[in-house]
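In what comes next, chain A is part of two complexes: it sits with chain B in the first one and with chain C in the second one.
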Partner chain A sequence: FLGAGGGNDIQWCFSQVKGAVDDDVAEADIISTVEFNHSGELLATGDKGGRVVIFQQEQENKTQSHSRGEYNVYSTFQSHEPEFDYLKSLEIEEKINKIRWLPQKNAAQFLLSTNDKTIKLWKISERDKRPEGYNLKEEDGRYRDPTTVTTLRVPVFRPMDLMVEASPRRIFANAHTYHINSISINSDYETYLSADDLRINLWHLEITDRSFNIVDIKPANMEELTEVITAAEFHPNSCNTFVYSSSKGTIRLCDMRASALCDRHSKLFEEPEDPSNRSFFSEIISSISDVKFSHSGRYMMTRDYLSVKIWDLNMENRPVETYQVHEYLRSKLCSLYENDCIFDKFECCWNGSDRQNFLLPPLCSIVMTGSYNNFFRMFDRNTKRDITLEASRENNKPRTVLKPRKVCASGKRKKDEISVDSLDFNKKILHTAWHPKENIIAVATTNNLYIFQDKMN
Partner chain B sequence: MFVRGLKRKCFDGEEDIEGTLAGIKAIPSYNLQRQSLLDMSLVKLQLCHMLVEPNLCRSVLIANTVRQIQEEMTQDGTWQMINTQSTGQASLDRLVSTDILCRSSREQAEGKHVPGYSTFNKDFESDQVQDSSETMSTGSSVQAPRNLQSNVWEMENPQENKGNFQKSLDQIFETLETKSPNSVEDLFSEVDNSYYDLDTMLTGMMSNTKMGHCDGLETFSSPTNTTSNSNCKSDLNELDHIVEILVES
Partner chain C sequence: QDMQEKETVAPERAEEVKLKAKYPNLGQKPGGSDFLMKRLQKGQKYFDSGDYNMAKAKMKNKQLPSAGPDKNLVTGDHIPTPQDLPQRKSSLVTSKLAG
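== the complex of A and B ==
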């Protein structure tokens, strides 16, 4: 049961950190996506080297009631390999852009992972017994001489050490000319969408040789291109509805029942520009890097460079709430443009769902997103309080509550505050995930995965 | 992270009071800041044009920023003004520094990507037979700012400029040679246009940018040195001629 709102703020404690300790980061180890499965028992990460690592939560230890189960490595596999497009003389990166879990239907787990061009459906299954006692084969697999077989026996299953196998069940390729930035599984659990810079395709999970194009914003003349698709997601309950965000800060909601090609949106969400804040960087910082529906489907959250916005699907002309992530960067935009940090794509996430009844507001509604210097931010929508925490190995003691951090924007720096000029812009937290049912969060720094949980009383 | 002193190019505000007093002398004029931003953006576009897999979103955002600056500069008339300044020294420095940045990044990418080749391909793809001079102007307008800037540079150093042209030509030939002659048609029959689309987009934007630079620089450069201009022109003609030959084959 998530902490009740209005007074009981969650106290976050360090739980675990995964990944190499050295400061020298191997490029392939850079984490590029993090995702809990639907039960929260499994936590998947994808990296720049095309690998997927899945962690599994231990069953709760009855004697250690003060902490929830730890996450340990469950399976590691190479999802994507680098490819070379000989015609264009271009390399296709193996970096995993997104992982999305399917809901569990049987003993095996399924997830979709994608790089820039190809989506793959992986089956992760356990094997904890094997057949023994074959008639024609020895235990080591060599075939027996048939003339030596004098009796017949029935092979039996005997237990073995648990083995977790990942196998690619479907490969959805050759449907994207541009780089895939999003995949989203429909609430019908049969179809999913994949979005690249200019197009969105609809797939059936069973069919790999064709997909339907449902959005195409490529102009007839590429010289007229001024806007790209940055993220897309299906509505959590309504299987005909999806949204996609753009580099101009707009979100379009589309209904697939309206027409085959959803180029005309049903709703357009856009906040009018604040003229007092206008600069040459206005458009760049308005570009939306992530969009996520709330669990109820009534709201959606968008992340742009400096803020997180909550939108009510019934109101298109402005967000209902805006939270500033790192407003102190507004005066530094030119430098951030120079060093390319202004193009960093931060993700955002909602806290886990705590109720089935979507008509009532949730008791606890918190959104989380990352920032620089390995800081990450949480905004409590009910109490309107926010907190900045840091993912670092210095806060290593389990069950010690993390100290809130504060950035000093200007003027005198107080003790324990950090000034903007001291922030490390190479330490960025782009990917975070929240356990679907408990107060456990996974926060990815460049090459480490931190797991924090709330202090249980 | 922040460069202090006279050479500061960025718009970043200085909150510190002490800094402000010193900063008043150091903060460059809006026009200078805007020009620096334009130069920086053009460099970024050049660089991403050479990257193996350019990020389309980033390119579009930078291109939009360039357009915005250009529009504003056209509106206040500074677009022409900057290029026709008789005290050309300041503008020359700016152009030269961008050129150096462009040149060094181009040299870095020499092994990987051939800009000349990609624009050349684009010409092959179009169905209509284009006038070769028209082809030259649209096809190579992405390169135009560099070439124009190297025109300016060339006044100091004609040999080097010729060398650059020669280098681009060599790169084109090298790349063509590695493909077997029979496969040329196959090569272009099912080209995935995405990378060239990026080219087209940048070309469109660059040709608008080019207008200002081009006019200005021509009036700027003509009184001084006609022979160096004709060297440039003969190089352009040479390239023209080669393209014609290749198109016909």
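== the complex of A and C ==
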């Protein structure tokens, strides 16, 4: 497995952990999304309580060559609030389903955050100076007695303690009948898509009162419903191309130049199923919970309940690589169905760039995804090695390399292995993120955020 | 060789047999559509006027129960009032991640 040797293997060390230590987790504190911005300087989290917390990486201390900057709280705000749609008798959760950063254009930072129904564009800006010496007002804001004003003075900007302000600049509402599962910013940096269970809409970032429906898979008769949209993403380079995945394990690639309504796919990616292996669970575990393009756009990665698959956009009939995340769960599907874990939606991510080579586009050679018992997995596409690591406060010492974990599927359990039946299925790692430029990863357990980085020599 | 093949029956199938043994009335269609409908209906809170009127008729001879602490009572046995609607309050507390 990774870390066993070889000069290029990454050795992961604990760096930081954020969040409460106590085991009694309030619903609102459950982390629902994690996302680095394009430079990696900022790391955003969203939670079930509708709150966003943004961390900022410290400037690298040139003398402290043994570690990269730490992440500290930069801004936090209430993004969404719970609502009740009286017309439809529908309770709308404030849980943040996704956060996506816009590339930085000026001093401020922008991100899109969404709950089940409404997408919001937030501007996060810094204020480090303020005007002082107003002509008509005292310093505390009260107006001066006009008879005491005898001279004219012009206010000047004086430094103040840094204040980070978040303000909602756009609210994109009322475009989704069903629950939004994805948002994706287009490479044109002007438009973005939002996808719910049955429809995908295209928005312009400046226009909130109109959006274009580009995919609609709602059947005329709802009894005929057989699949729903589970995730969608724009191609990283082609602004006319996007993909969406389904609950049946298929991915459709659509080209917006072909027609206004992209109900007919340009490509359909589906792995043929072995009919003899079909069971009650087949469709449920084939449901794709996440889809991510590689940085070049040549490949895409999908996550279903038990595996991660890499697809070459030029080959529709099967994935080019399949990695088993926790195959030992296949013989536990009955109880995983009973406790609803079989419906858990795991995300996946590619590594950021290869630090040694900034000249070439990043090689997507490692994929990461979460599992149960606060375990997360990484697969090296080149060496075909994989590793299981644990996000736990027990590995708390910075610069100590994390010890790989192993699950014993059956038979005699070796020392240091954990048996399948001892796994804690309440400790799920659904959300992970990889810094776009460095080997720093953010891993969310139920209510804590762990940051790991590779061991620097 | 036959025996070997029987032993390597897909673990999924074995799990399916276990599940059907526990829940014999499980839908005939493979796990799919029921979940899809449940997924689409997430968040739905219904008020049924039929239930309301039936409960009202039932309660005619009894004292009307006031809105109890259990807000999840089936509407058939308890007359819902606007106060029963669960109040969703936003999180006024700052996230513990920022603490």
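One rule holds in what follows: the second predicted complex is superposed on the first by the 436 of 457 C-alpha atoms of A that agree within 3 Å, B and C clash if a C-alpha of one lies under 4 Å from a C-alpha of the other, contacts with A are read in each partner's own complex, and residues count from 1 in each chain.
One rule holds in what follows: a residue touches a chain if its C-beta (ideal position, glycine included) is under 8 Å from a C-beta of that chain, and two chains touch if they have at least 3 such contacts.
Everything numeric here is computed off the predicted structure, so don't read it as measured data.
Overlaying the two complexes via chain A brings chain B and chain C into a clash.
When the two complexes are overlaid on their common chain A, residue A:S410 makes contact with chain B while staying clear of chain C. Contacts of A:N221 after superposition on the shared chain: chain B is touched, whereas chain C is not. Greater residue coverage of chain A by touch, when chain B is weighed against chain C, goes to C. By the touch criterion defined above, A:V53 reaches chain C but does not reach chain B.
Look at A:K332: by the touch rule set out above, it reaches both chain B and chain C. In the superposed model, A:I284 makes contact with both chain B and chain C.
With both structures placed on the common chain, the touch criterion links A:V73 to chain C but leaves chain B unconnected. Applying the stated contact rule after C-alpha superposition, one finds that A:F212 touches neither chain B nor chain C.
Contacts of A:D421 after superposition on the shared chain: chain B is touched, whereas chain C is not. Touch criterion met: A:Y178 reaches chain B and chain C at once.
Clashing C-alpha atoms with chain C appear in a single stretch of chain B, chosen from 148-156, 166-174 or 220-228: 166-174.
Contacts of chain A with chain B, set against its contacts with chain C after fitting on chain A, overlap at residues 88-93, 116, 178-179, 197-198, 222, 225-228, 247, 279-281, 283-284, 331-334, 337-338, 343. Interface residues of chain A, counted against chain C in their complex, comprise 18-20, 28-29, 31, 45, 47, 49-51, 53, 73, 76, 78, 81-84, 88-94, 116, 178-179, 197-198, 222, 225-228, 247-248, 276-284, 330-334, 337-338, 343, 447-449. Those residues of chain C lying in contact with chain A across their complex are 10-16, 18-20, 22, 26, 30-33, 35-37, 39-40, 42-47, 85-86, 88-91, 93-99. Of all residues in chain B, only 1-2, 10-13, 15-16, 34, 37, 40, 44, 52-53, 55-58, 60-61, 63-65, 68-69, 112-113, 187, 191-195, 197-198, 200-201, 203-205 touch chain A in the complex they form. Contact residues of chain A toward chain B in the complex are 85, 87-93, 116, 177-179, 197-198, 218, 221-228, 230, 247, 279-281, 283-284, 287, 331-335, 337-338, 340, 343, 409-411, 421, 425.
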